[in-house]
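There are structures below to look over.
Below are two complexes that have chain A in common, paired first with chain B and then with chain C.
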Partner chain A sequence: MIVLFYNRKTKNRISTAWMYIAISFVVLLPFILGLGLYFKSSLLFSENSLGDLLFSKVWKPSIGKFGFLTFIMGSVWVTFIAMLISAPICIFAALSITQYSKKFYLKIIHPVIDILAGLPSVVYGVWGIIVVVPFISTVIAPLFGAQTMGYSILAGAIVLSVMIIPFILNILIEIFRTIPIELTEASLSLGATKWETIKYVLLKKALPGIIASLGFGLARAFGETMAVLMVVGNMVQIPKNVFDAGYPLPALIANNYGEMLSIPKYESALMFAALILFVVVMVFNALMRMLIVRYDKY
Partner chain B sequence: MNENTKIKVEHLDLYIGKQHILKDINIEIPENKLTIILGPSGCGKTTLLKCMNRLTDLYHDVKINGSIFIDNEDVLHTKTDVTEIRKKMGLLSQRPFPLPMNIYNNVAYGLKISGRRNKKALDARVENYLKQVNLWDEVFDRLHEPASKLSIGQQQRLCLARGLAVDPEIILADEPTSALDPISSETIERKFEELKQQYTIVMVTHILRQARRIADYVIFMYMGEVIEQGPAKEFFENPKMERTKAYLQGAFN
Partner chain C sequence: MLKKIEEIFFRSLMLISNLLIVSVLVIILYSIFRKGLGALNWEMLTQRPHGGYYYGKEGGVLNAIVGSLYLSFGATLLATVIGVPVALFMNVYLVKRRKILNFIRFLLDLIWGVPSIVYGAFGFGLMVFLGIKTSLLAGIITVTLFILPIMIRACDEILKTSPLGLLEAALSLGSTKTETSFRVVLIQSFSGIVTAILLSFGRAIGDAASVLFTAGYTDSIPTSLNEPAATLPLSIFFQLSSPVPEVQNRAYASAVILIIIILVISLLSRALSKKYHKNRI
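On to the complex of A and B.
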């Protein structure tokens, strides 16, 4: 009896200790990552000011000029347009699936989402090259009187949006499904139409969740590498319109990592690119949380 | 139709999937009276109530036959304007569900939706209805706070106020006191006794004692059927059906 008791106590202690270790590890992970990146990119800081690094567009590694503006703008453009495409699609799709469709659609949407979310990003990249790129060069660009090979910000954004739609949609469906039906009933019984109910009640109730899901999608889009890299053109220039090629940060890292490691400053520059991605995602997360708290009063 | 009948249900059958939920319901609900729907859990009280303002439209896979006349208009008729019908009825659910907006807008919501935007008129109406449910004194200085900050009892009164604000003729209440403390329950009960001068009230309840206290007219349901209906006095003192007697003696509880 006593042995058993002792055993249970020890086990309990060990498992408690283990949980603390696991938690601290998870909590510390971002800091470890961030610090690592910071030290690795410190070589770059010693010779360039932060302002120059972030806001100069001169990228001439051979003469030691590392301006990241082109890449930052590449990332911003691709992500922004991807969100512009996917956000309305996801919100309307989630509403139509949860509010307007037969139960059948709710049943089939989940396997569909799982498949889409599970595809490796290189598959999306290939799809982009085979379908999206030619479609842009032969159909969309001529429509706007533009000329392009198709490898462009728009191609990257379209591929990206298709990639993040399953993630955002998945969360949104869950959010709309968990809004109590009584809220809809209350609004309808006050003489509101279904659309008014959605506009004034459901969307408002879901707002914190919508922000969270879009933020989640945005963070993913900002960091997505492979699929974008394959279709975005990778030219060191600030895109002037969506048909221009661009060069987002993750693509910069992935394209140059192996060969450029021999040049310490270049390596440091790539680490800095990673640090930018890291900081943006962190800051973005914090902002999102603030927004969620701000709108989560109902 | 009886002259004082406000709601008349005729041969109402409701199926969800293959389940036969409401079976040949025939009832007459008198105007400006408090009608109580009694019955054990799962017998279809909520479903019957929701048929009246067509919230059953939200159900999946539902089939409804029969008619529900309100002032000689068949609610279930597909050509009927659902939003107009629903405005005739205020709904109070089992637990309060304030709309995701502030206290003021919870009451003003129905009015704003039907196009009334005059600020002064709205203010006056909001005040009026909050007073009617004895909530004004408790909230007049925080009308612009989220309604979710109120206590459950206050929320339920707010839900009553927002229902009254659209000028209904009927109040549908589904166990409106079941989530409330005794004092809040009593407030609602007393309010109902007052309101029945102007409104036809249909209220579902589990609580026999509550039914005895406030009912004018009683409908007793069992397994999707209406077993007995009649004036409260007669119903409680002289029930005709065996099932009713058994229920009144507490056999199902």
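On to the complex of A and C.
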């Protein structure tokens, strides 16, 4: 009996110890990631100033000039246009799903969103290559009198927008559902129409949540790699219009890792690109999280 | 009258948005299946590529299928061993410590959003630091880091709905916190936890950017943790850029295989979460 008791205690001690180790690791993980990337890119800081790195557009690794502006602009363009496409679609879809839809339709749309959210990013890339790219070169570009192969900022943005739709939509649906039903019912009972209620009560109440969900989507889009890499064209230039090819930061990292291992400075430049992504995404997510703290049922 | 028109206008925008979302999924699945189903045959599933994955016309993608499964099982296993105890710790040991709990959830939400390419770059740095070369092991470590926050947060969402009374009853009957965690709380939410693990597995098998520099790519099937491993997403990515049409077909077939795996996972987790909601107290 005593042995058994001892056994239970030992088990408890071992498992508790493991839990402490595991949770310390997890809590430290963001700091380990950040510091690791910082040290890896420190070689670059020693010779170039931060301002130079971020705002110079001279990218000549062979003579040690690393200006990331071209790549940052590539990322900004793709992300921004993707947001322009997906934001209205997400807001309208979330409104109709939470306010108007019948049970029967929900049974269709929820699995659709789930599957879209689960599809791997390369699959979106393949879709981009076989559908979006030809569509842009044969239909959209001629419409605007532009000449392009289709591998362009626009292609990247379209693929990206489809990828982040399920992500934003899920958050939006959650947020609209946390708005107390009494509020909308009060408005309806005062004689407002359904749309007026949505416009003056629901959207107003949910505004911080809407902004936050778009912010999360933006952070997600900023770091998305494979799908964008496959369709965006990857030319080192600052895009002048949406039909130009671009070169976003994640694509820079993904494309160059293998070959550039031999040049230590190039490696640390790519680590710096990863650090930029890390910092931007963390800061953005932290800000948005604070914005919706009051919705959370933590 | 104007009110009516306005409402109709916005209702139609909503309808269009819904239609766009549904039809884009249909188009994605249709376009890829149309290209890939024709290329998918028995040889594709059971043979390795002959004459190099980039130029060789013969053979299939068995190397990538097996590599992907090894990698995702390994990473999911590792993440489960670390992640499930962490989620239990949060919901059994820390359940009364609101502030600490909120801080941990906040941190988890932050790293949840870190792009997989960043994990890939970090994993590569770690690999150099530890002195291992591109291999199955390096890939597993990187993917584990990537799916860990996802798994913990998903488990946590499930566990935090488990009633406090259950926990208190178990503790008051004299069970240790470990027993309470693993025999009461975990068992109670078991199907939910399995759903969370499946979700993480789906993430692991679909991600390419994190294994790009760490797992390597090879035509052969890895026999130990120290050998490089091919994965399905990378087999799509690399083979699609080949100029040889037969090789491109292998990429489309890989895409179909990957989609089918993801769909099966999604169906399974749907069924499981239904069960979970039925059994919940």
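Keep in mind that, in the parts below, the second predicted complex is superposed on the first by the 263 of 298 C-alpha atoms of A that agree within 3 Å, B and C clash if a C-alpha of one lies under 4 Å from a C-alpha of the other, contacts with A are read in each partner's own complex, and residues count from 1 in each chain.
Keep in mind that, in the parts below, contacts are C-beta pairs under 8 Å (C-beta built on N, C-alpha and C of every residue); 3 or more make two chains touch, one makes a residue touch a chain.
These figures come from a predicted structure and were not determined experimentally.
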In the superposition, chain B vs chain C on chain A residues touched: C
First (chain B), second (chain C), both or neither touched by A:Leu183: first
Partner chain in contact with A:Leu287 - chain B first, chain C second, else both or neither: neither
Touching partner for A:Tyr200 - first (chain B), second (chain C), both, neither: first
First (chain B), second (chain C), both or neither touched by A:Ala17: neither
Chain B versus chain C as contact partner of A:Leu84, first or second or both or neither: neither
Which of chain B and chain C A:Gly36 touches, first, second, both or neither: second
Which superposed partner A:Ala93 touches (first chain B, second chain C, both, neither): second
Shared contact residues on chain A - chain B and chain C: 193, 196, 298
Of chain A, residues touching chain B in the complex: 102-103, 180-193, 196, 200-201, 204-205, 297-298
Interfacial residue positions of chain B with respect to chain A in the complex: 50, 53, 55, 58, 60-61, 83-84, 86-87, 89-91, 93, 95, 97, 99-101, 109-110, 113-114, 146-148, 159, 162-163, 166, 172
Chain A residues touching chain C - in the complex, by the definition given at the top: 8-9, 11-12, 15-16, 18-20, 22-23, 25-27, 29-30, 33, 36-37, 40, 88-90, 92-93, 95-97, 100, 108-109, 111-116, 118-127, 129-131, 162, 165, 169, 193-196, 216, 219-220, 222-226, 230, 250, 253-254, 257-258, 270-271, 273-274, 277-278, 281-282, 284-286, 289, 298
Chain A contact footprint on chain C (complex, rising order): 3, 6-7, 10-11, 13-18, 20-22, 24-25, 27-28, 31-32, 35, 82-83, 85-86, 88-90, 93, 98, 101-102, 104-111, 113-122, 124-126, 145, 148-149, 152, 176-179, 181-182, 202, 205-209, 212-213, 233-234, 236-237, 240, 251-252, 255, 258-259, 262-263, 265-266, 270
